[in-house]
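Shared between the two complexes below is chain A, which has chain B as its partner in the first and chain C in the second.
Take a look at the complex of A and B:
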């Protein structure tokens, strides 16, 4: 075993042992030694390997085969090269699905959740007391309920014949889920996920000094000018982090399947639903894996774009 | 032209806290005016109500000829410098100074030129392209002042303008601020809890407590003749001695000692009346030997203040009366008296000393209010329990 503890005098001085700083320091801050530190890491690494890396690698492999759930190809999958990818990119249904997903992300995440979340946080920023607690309570409630429960509630709300919404509006017979499937799931996901953005922006707005807003007000700035000149420059990092997270979450969100199941006629078939239908309902595991990998790449691009913006903004400040 | 007039101004916060209590005040055009008081006295609320950042619950504010009570901050033609300067960190010094002009839709070239001119006046010329984070505290303050000056408001409001500077810089900034105000001649109101700052800067001072004004006057008036014991205790770097005394045969009795009555109290007091005798430590002379008309006691503490020392004596007091909770009385029948002693004459703790009030410098307070030859307008004490934020 390598040296396990730092000399006691080093601890008294409060000096963090750094490699090369003292004669024989432990190579880590906690002073565990390499062997024991590795021992602590191994279980986590094994779990990540088994449940994350291997399936991901397996997906990449499956994506270049004609592997199916049933039939001959299930027993003896053959490598088909990039056929799955060319097929997907040439497939009208895939391209439509990708377009719907972008609508879904833009509509429900960027505009819906981030926009509404910021609006609520900004409106409540100086409020204390019951109003704030009630609003925050309801918004949070929609976030913490299980998807299956929430999906059932929304089906009950939007139902054509016995739906709560039609009863409230007095227009029985409006088939929201059939006539406006994308609008339905966009509103649903906005409602579902606003809490996260609201909480993040509420915390971010605490960082905006009152005196800065008041200086702008004294200069005669409108609310919009105050947001542009004082608030957004101050919380830019929070905005980008928020957009990064909710874009990825929304891109991969499967909950709309529970409400519209991608229908009618694939008009609300976003990519996660499409993959599910192709791979598990249709049994084309190889093709599904290829699409999953494309989704992974798109996620990566989204993440990189946001991280680049975040990095660039940090420098001049 | 741009005097500020407040009538019956009241501010009650949600929750019932009465920060301003039917306050009347007039600030003259071009005046450098201080709002002074302890934390929670309402001075910051008053400044913010003038600015329009707080909405008055009652009463009115006029700036010049305009009633601005209902106007939003941006329409009042006032500029405020905040305690933390509130410079926008993502903008250059030039953009910060030009910001109010940008909001007023002045074109880019004109406002850039104006910002540069104002910056030059304040000695910031070389710093126009810097960001606030790259400036020292004193420079940041001057940028904040420049931003306030750039759009030529009718009134400047300064919230604790010197409190964020370190001690040495504060003195420099104080002189700078006073000269700047003289040159600009713009009505300026500033808030401070530091009585020395108020005395040094202001043309007139309003001393506030509990949402009310306890005294308004020039620094000299407020220092020499505090209208009540609150102001007496608040103004001065060493608080005024406030000693329980009794009128006795044309003299004042403090314990066994006899002191002459202050000049302007003759005919205003009756024999046997209990009063509070006020005298500043600076206006007492210390003597190591017995002198007539002096208070005498044992030296307890000697505090070195540099060129002078502050000496505390334990003086036998009027032991027949009930102890006044407001006076710095120690044990029953004894009171502490502080005196400023020049360099080289300091006694040792344990010595017995005599202190003589200088003629014309002592004051008498009846029920906390100054006794003078002419009856002064009585300022009532704030209602009890009126907690306020500053």
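Take a look at the complex of A and C:
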């Protein structure tokens, strides 16, 4: 549910192991007591339970039924075991969709957003003043505008006959969204989400002592060598946290639906769009839930891999 | 970590080569920044020009200035009401999230609930893995069973459930860093916990509450999927959904309406962003992740 827009910076802390005792050593200063404390917790926990935990658990149940939106199976869904899963894994359309999603995450999140975000942050690292504000302003604007608006902005930009891009390049008639749908949504999502990485790396680069970069440069180290030997070792934690969050967000991003709706011929049908089409347009709720559950598992695997890498960093330190 | 880890590429770099390289690096950097500026500004051009152009096309071009296009907003039965719907959804969700998260964060900050940290991190991880897209089928099902299809309350509740874990997390940080001595003295004078909460804690953590509120509003304002799934008629649909229907339904899109509506719909978040960034500074501070 958490959208690409303005994620909380503190979420990033979530990747860190427990911070230990809070700076408030006196427990229960307000005389809250366990019972009242529980009372304070209940409203939030109920909402989280009903609208976050239950749907997650329900996915598992629905995934093993033949539940449909309409028809016979809507009234009396039957448990069909792992049929949905075997059907999904054997389905060409699902496998293609999974592959497209991986391309989408790799291309637009890991390479696009993280790479570009870092490059911008690095290029602006010791700049102050109008140039920095203007560049950051535009990058941030693309991040905060509502997704259905930016989707149309991109449709207009890439329009075959009158799009601004074709007019600029002098190649009217190039149908970007039809000929290169994946490339289009990858570039779109890079444009859309780079701001988060840029800001995170800008903060991270402030932890790199300027004197170290200066000495490295005077010793004749190239930019790449400076990055490899001075910068990256210091911001490794930031890089991993950044990659974790943007991979998850991109993996679950529904915005490409607004631009290509998965088409043409399912050539840009990433998993969120696939689930939507199968389950809610097509009415196969059970099958859709099985795909959803596979998506949840992949999310979990992504999270665990990154958290593990993050944990490993702690040990030698 | 110092220079000895950076192997010197050639033999001895002389001063001129360092200077030349520095110059080249500067040129490269500015070229790069200009390209970035172009890349990020290009799609936005249309939003700046088309609403004021008397014959808007999909191409961004210098407008022949007019404000007539805004009349198209009044002619469309759903344009303005959808913005009101968005306000309703955003305000409702933000109020719910801020209130519930503040209560929960306060309790978690002041009382040692067993398994507190595990609970908090577990929920945070869950909320980032369980997203609207991965659970759209059960969410739809759930809304159906609870009679929340085509109900704005349903949208508010579902969005709140997704935003709450991160909100609690943010607010607990704020609560942890406020001194407890005021609360102790208030308690000595016989204030009840809810009174303490309202008159002492809330004023102290107001920046935190504002952060969470703004963050929730921004999230809901742009959210397309949940209202798209749950709300049936255009009379309840928020701007995100109406915007989408404007360019997908009914043949030739009315570009006057589309451009002015886009601008009007984008303006509140853009203004909110400008306000927040000028007041609090919109950037991550060094403490994100050390």
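The definition used in the following text is that the second predicted complex is superposed on the first by the 286 of 317 C-alpha atoms of A that agree within 3 Å, B and C clash if a C-alpha of one lies under 4 Å from a C-alpha of the other, contacts with A are read in each partner's own complex, and residues count from 1 in each chain.
Definition applied: a residue touches a chain if its C-beta (ideal position, glycine included) is under 8 Å from a C-beta of that chain, and two chains touch if they have at least 3 such contacts.
These numbers were taken from a predicted model, which means no experiment stands behind them.
Engineer: Quick one: is A:272 in contact with chain B, with chain C, with both, or with neither? Answer first, second, both or neither.
Structural biologist: So A:272 only meets chain C here.
Engineer: Once chain A of both complexes is superposed, is A:86 in touch with chain B (first), chain C (second), both, or neither?
Structural biologist: Neither: A:86 stays clear of chain B and chain C.
Engineer: Which partner chains sit in contact with A:295 here, chain B, chain C, both or neither? Use first/second/both/neither.
Structural biologist: second
Engineer: Look at A:165 in the shared chain and tell me whether it touches chain B only, chain C only, both, or neither; answer first, second, both or neither.
Structural biologist: second
Engineer: Between chain B (first) and chain C (second), which, if any, makes contact with A:281: first, second, both or neither?
Structural biologist: neither
Engineer: Applying the document's definition of touching, compare chain B and chain C: which contacts more of chain A?
Structural biologist: Between chain B and chain C, C touches the greater number of residues in chain A.
Engineer: Shared contact residues on chain A, chain B side and chain C side combined as an intersection?
Structural biologist: 212, 215-221, 225, 229-230, 233-234
Engineer: Under the stated contact criterion, what part of chain C meets chain A in this complex?
Structural biologist: 1-3, 5-10, 13, 18, 22, 25, 29, 32-33, 36-37, 39-47, 57-60, 96, 99-101, 103-104, 106-113, 117, 121, 123-142, 157-170, 173, 176-181, 183-184, 186-187, 193, 196-197, 201, 211-212, 214-215, 218-219, 221-226, 229, 239-241, 243-244, 247, 258, 262, 265-266, 269-270, 273, 282-286, 288-290
Engineer: Spell out the residues on chain B that touch chain A in their complex, using ranges where they run on.
Structural biologist: By the definition above, chain B touches chain A via 51-53, 72-75, 78-80, 82-84, 86, 88-90, 99-100, 103-104, 147, 151.
Engineer: Within the complex, which stretch of chain A touches chain B?
Structural biologist: The contact residues of chain A facing chain B are 209, 211-212, 214-221, 225, 229-230, 233-234, 316-317.
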